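Look for chain A in each of the two complexes below; its partner is chain B in the first and chain C in the second.
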Partner chain A sequence: MTGKQRKQVWNAVQLTLIMIATFIMLVPIVWIFLAAFKTHVDVYQLKLFFTPTLENFSTVFDDPYRLGEKLFNSTIVALVTVIFAIPIATCAAYSFSRFRLRGETTMLVMILATQFVPAVVIILPFFVMFRDVGLLDTRLGLILVNLAIVMPFAIWMIKGFIDGIPMDTEEAAMVDGSSRLQVIWNIVLPMAAPGLLTAAIFCFIIAWNEFLFALILTNKNAVTLPIGLALFKGEEGDLWNLLSAAGIIIMAPMFVLALLIRKYFVQGMTMGAVR
Partner chain B sequence: MRDNTLKYVLVLPAVLVVFATAIWPLMESARLSATVGRLNRPGSLDQYIGLENYTWAFFEEPSFWNSVWVTGVYTLLTVGLTTLLALGLALLLAPGGRLRSGVQTLLILPFAMSPALIGVSFRFMFNPEFGLFDAFFGVVMPPLADVSWLADPTLAFAVCVMADVWGWIPFLTLVLIGGLASIPQDTIEAAQVDGASGWRVFRDITLPQLGPVLAVVIILKSIFSLKTFDQIFMLTNGGPGTATQTLSHYIYFNGMKYGQIGYAASVAWLMVIPMILLTYLYAKYVFRKN
Partner chain C sequence: MAEVILKNLSKRWGDFVGVDNQSLDIHDKEFLVLLGPSGCGKTTTMRMIAGLEEPTSGEIWIGERQVNDDLPKDRDVAMVFQNYGLYPHMTIFDNIAYPLKVRGTPKAEIRPRVERAAAQVELTQFLDRKPKALSGGQRQRVALARAIVRTPKVFLMDEPLSNLDAKLRVTMRAELKHLSRELKVTTVYVTHDQIEAMTLADRVAVMKHGIIQQLGTPDEIYNDPANLFVAGFIGSPAMNLVRGRIEGGQFLTEDGVKLSPIASEDRSEVVLGVRADDINVHEAGEGDIDAPIYAFENTGEASFLTVEWGDQRVIARGDRHLRKDQDDVVGLSLNPDHLYLFDPNTEKRIRL
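Here is the complex of A and B:
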């Protein structure tokens, strides 16, 4: 074989491997999409071609499943978590980025470390406390504990964005007599806005997909979508067509959001360890 | 306000939130782990018994050691497989171009999927009667046709590992592609001009340069593997028996189902110890970078 031929063969092998990998990656997702449009008869067969129906999507919103309530809970919980987290994180991130603080490294490591504490350790005391003060099965309770998981991501991610904004504009404005708070409001926030939105979307996805806290803290009124998946068990086992329809409702909006911020996804997850 | 005061005022709310949502629960868990701690017995949450919960876990509970073993094997397998496969995929996709960038974009999808949903979808795929993967394995390896995957301890464990690896490969691949992109191309080109084979270039140039990113990826994945809960809960709920009961699941079961919150807190604290070590390693990489 000549060098050129070898290169062609090697290229074909690579393309084949990429195709196989893509196929494996997409199959479970596509299969859920298909199953969501199947009737409860078709879903128990390995059919690729079938007459699609939208019935599952209306059934999941009806009694007894009432997925609409879970959708509402998920949206409120994730949204309010983000509304609290982003301003608090932005203030901290600005300070970490622009000033030298006493114990700065310790604080940053602590913030980083809280992300790695198993959720199950955090939730035990909260369960006891919420039981005593009546916050079990409330959206407010869920929002409070969700802050625990999104804050570290938000702080580190926004710090990364502010680090990237040059300081000279700020300094010039200070020389012209602006106060530090004016500088933050008039200069830094507008420049950091795309970064803040990215961090907000990232945190929204994390809060939306959160499972363990909601499993332990809610049972009826504040149940979120991922916990709602457990509803679709019939007498003969799982109702796969309904589960799949609910699955689409959970994942499709997150796919759209994730694609919007795809360039920053890695940076967010690794908290700046990899850029 | 002077900058010197302002800088501390700005971090205060965040520090308070982190304290209330992470440091306090950690301390409170430590306290609970020293109590009788039964959810249904008022007063037992303040009834101290020293380290009895810990010695109970170590010496009286084989199910504790079972979940340590399950979590250990699960972590080793998922970290190893995910890293290797993601490295392979990253090398395949790194050159760029239309097709490869397109696939890179798709990689985001599994990662945006709720882990609980990944668990559900794998339970669906491995259903012995109408599961797609079950049908596939039945064709490739006929002895596995119509096996009740999730009823067999070993196979159920294997399915959990597969679901985990499937869910994490995309993220690790994206990180490694980023790492590959930051390796200077001229050294590689120089080696190629000198006639070095593809394998030599990979082993002697790419791999050493990728080292730090690889380390970050392995530490991060180890942390997430050790914590695994959502998928297992939806996929096997720890079963059959306790064959797939990870530590998180064991803690959840003892604390929430049996109401032994003191005992659960002690096991939870035992789990925090390897986390502290991993976090220390991770922080070292993060701060070397900045």
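Here is the complex of A and C:
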């Protein structure tokens, strides 16, 4: 075999492996996508050709499911979480990156360590605390919980981006006449913007998909979309067609965001790693 | 109007001494070059003047004011960084305009001033680009333009030509010299390139291990070195330094080769310094001493002969038309007016 042939074979092998992996990952999504447009009768048959209907999408927004409320809750919770998380995390990340703080490494490791605590372990204390201060089943409560979940992640990610900004650039701005705040506003933020955007979208995705805390801490008013899915388990069995329609509604923003951040994803992941 | 005065300035990191208790008066409108090998504390000194590094002890004065506690922005200096320190997200225009904008210059004044600075470094056609789309030399000039767009009290330039290719370095050097004569602002210029130092400076401070070895005009540094380090550091090729002794008005190398008459009392240990230019090359037998050629190099504008005196090698500069070969024997004579003696133990100059 010549080198060229060997390369072609290798490419074919790679392509096949990628196709298999993609297939395995996509099958459930395709199934859901099809089911969302099927009638209750069709859904149990693996038919690829059927008369599609949009009825499921209107049903899920009607009584008794009222998915609109959940959609609203999810949107508010995820958006407000991001709106607070990113500025706070940016301040923290800037300090960690640029100032030599006492116990800096310890703090950074501790922040990361919170990520390793299984949610089920701390969910009970959260429940008790929230019950005592009246935050159970409120959007505010969920926002607080989600902030706690996304902050460590956001701090580490944004720190990676700020680390990648050369110190020289900031020092040049200071000598040119900027105060520290002007340096951050005029230099650091614009340069870290792709990183901030990536972090924001990641945080949004995490908050949007958060399930366990929402399951335990809400029951009626603040229920989010992932929890809302449980509604479609009726007496007549699982309503797969409705479940699938709701699933599409949950996934749609994720697809859009994934497309948006594709460009920055690798950059964001590697920038922190290189240093 | 601003002189820069450093009083007993030190910078230490733990046990490591970066700058060791140095004092320096930089006159108003003076172009002072800090020259020294890598790691000798040049950048550290400059960063302390700019306010980017806090001195461990000592005072810094700019003009009439002690600036130790002033933020960089309040010191009214402009700095050219070794790696440019440009703002990658701004156009060249905005890069150059930044010091004006952030200091609240009226809008109408900004454009003409940026354009004038850009013209001075020949960047006019690049104003709309981002730094990424420029070559190293062009970026360097942006950094310069950003410094000269304002008239600060002091210019600080940290090896501003170090990243340029040899040819561009020569043209930019001339450009800098021209600019500095035109602008007449006190300038501190860091380099480890002695040609830059010699050509640009009003005065040169030669540094080593955080200590200023000698402060003087380029002439003084070249022709009147204060110690062995300065003698060996300045000049290309560096001054020949030959170990030996003096007996009866004659200098003898360590292994007894009789070199040259010299007006000095007898000394048992001494280092003789002589520049390649001050060793005259003759045919064998016509000079004071004969010596075999170890290597012959022709640079086109001159020829350099490495010859052996006993165990020690020295470099002599011959005429550009001279042609010799390895192992040929040549006659050499030393120019008696330009010989230097140093004490090998204290490394200090022995004045004749």
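The rule is simple: the second predicted complex is superposed on the first by the 243 of 275 C-alpha atoms of A that agree within 3 Å, B and C clash if a C-alpha of one lies under 4 Å from a C-alpha of the other, contacts with A are read in each partner's own complex, and residues count from 1 in each chain.
The rule is simple: a residue touches a chain if its C-beta (ideal position, glycine included) is under 8 Å from a C-beta of that chain, and two chains touch if they have at least 3 such contacts.
No experiment lies behind these values; they were computed from the predicted model shown.
Partners chain B and chain C fit side by side in the overlay (superposition on chain A).
In the superposed pair of complexes, A:Val60 makes contact with neither chain B nor chain C.
Judged by the touch definition given at the top, the superposed model places A:Leu136 against neither chain B nor chain C. In the superposed model, A:Glu171 lies in contact with chain C only, and not with chain B. Once the two complexes are laid over each other on the shared chain, residue contacts for A:Asn186 go to chain C alone; chain B is not touched.
In the superposed three-chain model, the partner touching more residues of chain A is B, compared with the other of chain B and chain C.
In the superposed model, A:Ala258 makes contact with chain B only, not with chain C.
Look at A:Ile18: by the touch rule set out above, it reaches chain B but stays clear of chain C. By the touch criterion defined above, A:Ile158 lies against neither chain B nor chain C after alignment on the C-alpha atoms of chain A.
Contact with chain B, but none with chain C, is seen for A:Phe211 once the two complexes are overlaid on the shared chain. Seen from the CA centre of chain A, the centres of chain B and chain C span an angle of about 100°, rounded to a multiple of 10.
When the two complexes are laid on top of each other via chain A, the two nearest Cα atoms from chain B and chain C are 9 angstrom apart. On chain A, the positions that touch chain C within their shared complex are 166, 168-169, 171-179, 182, 186-187, 190-191. Those residues of chain C that touch chain A in the complex are listed here as 50-52, 71-73, 75, 77-79, 81-89, 98-99, 102-103, 146, 156. Residue ranges of chain A in contact with chain B, taken from their complex: 14-15, 17-18, 21-22, 24-29, 31-32, 35, 43-46, 88-89, 91-92, 94-96, 98-99, 101, 105, 107, 109-114, 116-129, 144-145, 147-148, 151-152, 155, 180-181, 205, 208-209, 211-212, 215-216, 225-227, 229-230, 238, 240, 243-244, 247, 250-251, 254-255, 257-259, 262, 265-266, 269-275. Considering their complex, residues 1, 3, 6-8, 10-11, 13-15, 17-18, 21-26, 28-29, 32, 39, 45, 88-89, 92-93, 99-100, 103, 105-118, 120-125, 129-130, 132, 135, 166, 169-171, 174-175, 178-179, 213, 216-217, 220, 223, 226-227, 229-230, 233-234, 247-248, 251-252, 255-256, 261, 264-265, 268-269, 271-272, 275-276, 278-279, 282-283, 285-287, 289-290 of chain B touch chain A.
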